[in-house]
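Here the structure comes first, spelled out in structure tokens, and everything after it is commentary.
For clarity, chains are labelled A, B, C, D, E and F in written order, and residue numbers in each chain start from 1.
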Amino acid sequence: MRILVVNPNTTASMTEKIGQAARAVAAPGTEIIALDPDHGPVSVEGHYDGAFCLPGLLQCVRRGEAEGFDGFVVACFDDPGIGACREVASGPVVGICEAAMVAAAMLGNSFSVVTTLPRSIPVIEELAHRYGMERRLRRVRAAAIPVLDLEEESAAAAAKVQTEVERAIAEDRAEVVILGCAGMADLAASLSQRTGVPVIDGVGAAVKLVEALVGLGLRTSKVGGYATPLPKRYAGDLARHAFGSHDRN
Amino acid sequence: MRILVVNPNTTASMTEKIGQAARAVAAPGTEIIALDPDHGPVSVEGHYDGAFCLPGLLQCVRRGEAEGFDGFVVACFDDPGIGACREVASGPVVGICEAAMVAAAMLGNSFSVVTTLPRSIPVIEELAHRYGMERRLRRVRAAAIPVLDLEEESAAAAAKVQTEVERAIAEDRAEVVILGCAGMADLAASLSQRTGVPVIDGVGAAVKLVEALVGLGLRTSKVGGYATPLPKRYAGDLARHAFGSHDRN
Amino acid sequence: MRILVVNPNTTASMTEKIGQAARAVAAPGTEIIALDPDHGPVSVEGHYDGAFCLPGLLQCVRRGEAEGFDGFVVACFDDPGIGACREVASGPVVGICEAAMVAAAMLGNSFSVVTTLPRSIPVIEELAHRYGMERRLRRVRAAAIPVLDLEEESAAAAAKVQTEVERAIAEDRAEVVILGCAGMADLAASLSQRTGVPVIDGVGAAVKLVEALVGLGLRTSKVGGYATPLPKRYAGDLARHAFGSHDRN
Amino acid sequence: MRILVVNPNTTASMTEKIGQAARAVAAPGTEIIALDPDHGPVSVEGHYDGAFCLPGLLQCVRRGEAEGFDGFVVACFDDPGIGACREVASGPVVGICEAAMVAAAMLGNSFSVVTTLPRSIPVIEELAHRYGMERRLRRVRAAAIPVLDLEEESAAAAAKVQTEVERAIAEDRAEVVILGCAGMADLAASLSQRTGVPVIDGVGAAVKLVEALVGLGLRTSKVGGYATPLPKRYAGDLARHAFGSHDRN
Amino acid sequence: MRILVVNPNTTASMTEKIGQAARAVAAPGTEIIALDPDHGPVSVEGHYDGAFCLPGLLQCVRRGEAEGFDGFVVACFDDPGIGACREVASGPVVGICEAAMVAAAMLGNSFSVVTTLPRSIPVIEELAHRYGMERRLRRVRAAAIPVLDLEEESAAAAAKVQTEVERAIAEDRAEVVILGCAGMADLAASLSQRTGVPVIDGVGAAVKLVEALVGLGLRTSKVGGYATPLPKRYAGDLARHAFGSHDRN
Amino acid sequence: MRILVVNPNTTASMTEKIGQAARAVAAPGTEIIALDPDHGPVSVEGHYDGAFCLPGLLQCVRRGEAEGFDGFVVACFDDPGIGACREVASGPVVGICEAAMVAAAMLGNSFSVVTTLPRSIPVIEELAHRYGMERRLRRVRAAAIPVLDLEEESAAAAAKVQTEVERAIAEDRAEVVILGCAGMADLAASLSQRTGVPVIDGVGAAVKLVEALVGLGLRTSKVGGYATPLPKRYAGDLARHAFGSHDRN
């Protein structure tokens, strides 16, 4: 099985880390390719960045689809463009926020999320609402670190993440804690061990859920909202992204 | 007051119609500029198109912001990129789906939506859920017409829309009907008259809501999820969209 | 366009203030008439007062309807009698709580409400639930001031309101704050300016929403729950309020 | 124990029927007084009537409170004025819609409601939402009979009610059926017997719930939204309804 | 009327206390039999205990059904096995959590629950969600006392319960407080008196609700999810619990 | 990795089929042991059966835990005893209903469930509500076949299942269909193929989700509602199920 893990931002060191996290949990027969687009934001912090990661993300997924990848992970905790990815993919597409919440809900009655910046809090609250998880979500906590700090000065950043994880357990009475940024993927295992509480990284969770769905022989439903895009003209410098008749299945 | 109405697709005839609908309801002192991007899909039918309308849409809104527009309407019923637009705009940004649902909820206890293609049904159901309107939404009905058919063969398309509007009233017991595509903007008034039931066009509704918010002196909140984008580098051919230090306010 | 703004209590100074707030935001072509009933409670604080403001409120709206007013604002934050007003009005009827919440939801992801007395908290929580806004409502805060204190000793009362607005921003992480009493209408603009966060007065918001709906040519739906009252006899000293055959439309 | 059952409309024959239904289920030690106001609508069909039944309803409850009644039933399926009644009553106040839904939820997993006119459907749907019962509510069905027809030509009206009850069981798969009008109180027992499915009359249900709460020694909470009304002046011909200092407890 | 109150644990002193609480509120004509099973856990603290109280509980209810009891109370705040009990009972079956929440919702706008151990908090939160009461539930508080401590060292345990009740009123702004364990049944009345706020014991509440439903002549619906169990073989040492053909009605 | 798949009923042929379905999807390194208890109902149809499958189910899980199984599947679509199983297991425990719904939600926007008997419909609706999936659940359809018919006369039963699957796609507009009984596990693949729509078997889905969670190194959270049972005495013939001091971890 081949899974394409797309980091929707263009920071290679983060893609590297994401790839490692993905490979660390992948089953023996699973090949992980971690990719980032050649255009777009160096990090996704808010809706505007989220919008501009989509062309690169979708280009990656379409290439993966053409190359016959079995499934796809979108490795950004805002779950950007999941619906669009599902339209162009035959196999399953899983976002890391949805994956982490689904895993958390099977391990405990409630969870908190520790994310990077306060501006991401409402985004994640809205995803919880969309996924039917608002009842289980105790609180979204921001560690107040820019995404790329997780790449550079990881000691300080990691300490801030740990502090919020511990407060989630003590103050929110969360039974599970989710790390709300793909850039935190390397911290989950040690935080689980240190706290004795399940601390979930969405990248790993999403890889395993894609493996699960592919292993079940299931593919994205094409009879409703995730039907293959209709062929049509895209104007201007987005023309090359248009879905043509050769894409139809 | 100057309101920028962005048609996120690149079909000029539709932008024209949207502009007319906007101007038809605008207050005397309101100047309406209707715009479409120079790149992107000719129509938005599903998530993939929705993703690729964003660069053009956001470019339009950023230009509008630079030119001092007071408020913005996003004239596509999927309400694409509203959060991102709100991050870059000082003034209010209103999507036509949210606007239509808000208007409907003040005129009746329930509403149905008549949209174009079946693939849009789950998108609109999810928007209703996001806006807290699922209790009032009786049903989303697809007239089974591609968006651009509303441009070309309007008689046949209009008849299909009318049939679904009438079924919404008779079968769904909807007290209000919403037209779920900017391309239907010209049909609302005559359908209201014919059926005796309020039939709402989102373009007009959004223009009036922007007028209302601007008239109240209110601007988009910048202390949370709609804070101004952080300046950062965008790689590749999206580099020109990056939010730079000169954009900060 | 003529809009009737009914203050459902009988305190003339408050009606005066409400009228000023309404006129301050009304469009050039809009004529605002602010009215209070000649019978009923001097302030609405709780359900009992809310019940007894209805005869006067409805009498005002019926007179307004007879005189051809285009739309109606009910200027009490408990949104009393909205359904009944919608039954007797042809044009739109908007309550100030619903209006403020609708406006807030387009400017931020969350809001808190600052009201007068603690006894009003559950009333407003229930309205948020009814309007599908409970997910956005962070908290209802009581400034612990009787409604009429807002008329008499405004400095002290205004200071208490300001304190709660600031706590809503700091403690509730609300992106928008709503003033939960028509008597606070004069405080919104200065509080917006002082805090840098949108602070919404429902009176202004409702006036602009009525303008919007009237400007769209939309009227209250008469095919369901807001159908015109059935003509029937009312016994005793309420007989004059009965809906007679001459009222039918 | 003395329970005051207030029929909020002024039709004596209906009060008679309600009183009989109440007495038919009351415990041996319970004294039922069924009352209707001397002013107000002859039937409550919609919000406008609902508003004008309140002065009479509240006058009855206040008199009952002064005379030391232990609890109160509001015998109109729209549950009008419950919050206001709870403010003025020391003992429990139960509305017949809430009572019927509570009873239904303990006897089956789902229920439908059969009411009189279509205009009442959204009112009852909103009550179900308020009471947390929307998940159990299969459908509100209107038998298309004016309330007072239940008084006059009961055979025809009863047949229509029966038809809708049977459709609720067969088509809605409702496990319980609720009769959605106090005027149907006499039909519940025979419909239960005929269909083999619990058919609930709200009047009886409310009487038994008041008995239950009084029997538990519980009274309406006075520390929040149902606190005793504040003494204040009521202007004009509602002055006599004002809550004065002599009412305080 | 004869009501069987089953304490699903096997601690006789607690059954005694439950029986007293039940008899203290029962109507003159009501005979209360309080029973505990001869097998199963001495207290129910968590899901595992909850599972193993079911055989005994159901055996008791089936015996009660065979002996013609009119209704049943399940006297454990986790409401274990309510659905199963309803399948085997003709008369109404009420759990003490549901009963307490239903009573609370008619006396105030909100409530908090004071339970024994923190592990019970998610169980009760889920019950509130199931019963449509999550909007009214302010908080579940654990007094941090094992269930059986309520039997032995009641002074210390009662003090802890009282502390949490007072915090529920002061900190949660709960209008009503529910005691979340059958073993606290004896504390409700004095806490109501001391705090001036309704404090509800679920045992009493359930008894009165069963009396209410039986008094209405209503029985559990047998046309859906609570239909009589199908006769079938049970293997091994549970064989005697199998529902046989002689049980059918 | 070793996964224990417990069929909570005692029908060996069904356990056989479940084991085959589990092994068919298990990863190479996964060892599946399918087990049924030596006591309890031959099929689970309703709450009463569901209660009596618990002692056997929990005994199996406790044995599995003692033998060091890494994770557990509860192979009955009512998800009986999941909370209790999670208390006694260190590794993850997944029910087949939750697993199927989680998988469905990542492959489509909506799903319907095809189950055996009508009496199971409310059980599954309630599970959807508990899991936050009610918005995606279009309808639960009963094929009107007893569980054990799926064992004996599979051709006729399979035809009935197929009919309902096809109606779910055509009439409910479900994008995914879930088979709502472990006894249907063998039908999913061929129905997926025949309809072109993902048809999900919960047994396979649960096995893959357990593999996923175990592969992530995650275990059930022990700090809240799934904490290890407290040691205590169980009376009578359930004594051997008591959680003793030797079980503590």
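A few comments on the model shown:
In this text, contacts are C-beta pairs under 8 Å (C-beta built on N, C-alpha and C of every residue); 3 or more make two chains touch, one makes a residue touch a chain.
As the structure is a computational prediction, the values presented were derived from the model and not from experiment.
Of all chains in the assembly, those touching chain B and also chain C are A, D.
The set of chains in contact with chain D as well as chain F comprises B, E.
Steps from chain B to chain F, minimised over paths through touching chains, total 1. When chain centres are set by their Cα atoms, the one at the greatest distance from chain D is A. Over half of the residue numbers found at the chain A and chain B interface occur in both copies, marking it as a same-residue contact. Spacing of chain E relative to chain F, judged by their CA centroids, is 28 angstrom. If you average the CA atoms of chain A and of chain E, the two centres end up 43 Å from each other.
Chain centres here are Cα means. That of chain C falls 52 Å from that of chain F. Among all residues of chain B, those that touch two or more other chains are 109-110, 118, 121-122, 126, 129, 134-135, 173, 175, 224-226. Applying the touch definition to all chain combinations yields A-B, A-C, A-E, A-F, B-C, B-D, B-F, C-D, C-E, D-E, D-F, E-F. Residue ranges of chain B in contact with chain D, taken from their complex: 109-110, 135, 173, 175. Within the complex formed with chain D, the chain F residues making contact are 118, 121-122, 125-126, 129, 134.
The part of chain F that touches chain A in the complex is made up of residues 25, 27-29, 92-94, 98, 102-103, 105-110, 131-136, 169, 173, 175-176, 189, 192, 196-198, 200-201, 204-205, 208-209, 211-213, 215-226. For chain D in complex with chain C, the touching residues are 10, 37-43, 45-52, 54-56, 58, 81, 83-84, 86-88, 118-123, 126, 129-130, 146, 224-227, 229-230, 232-239, 241-243.
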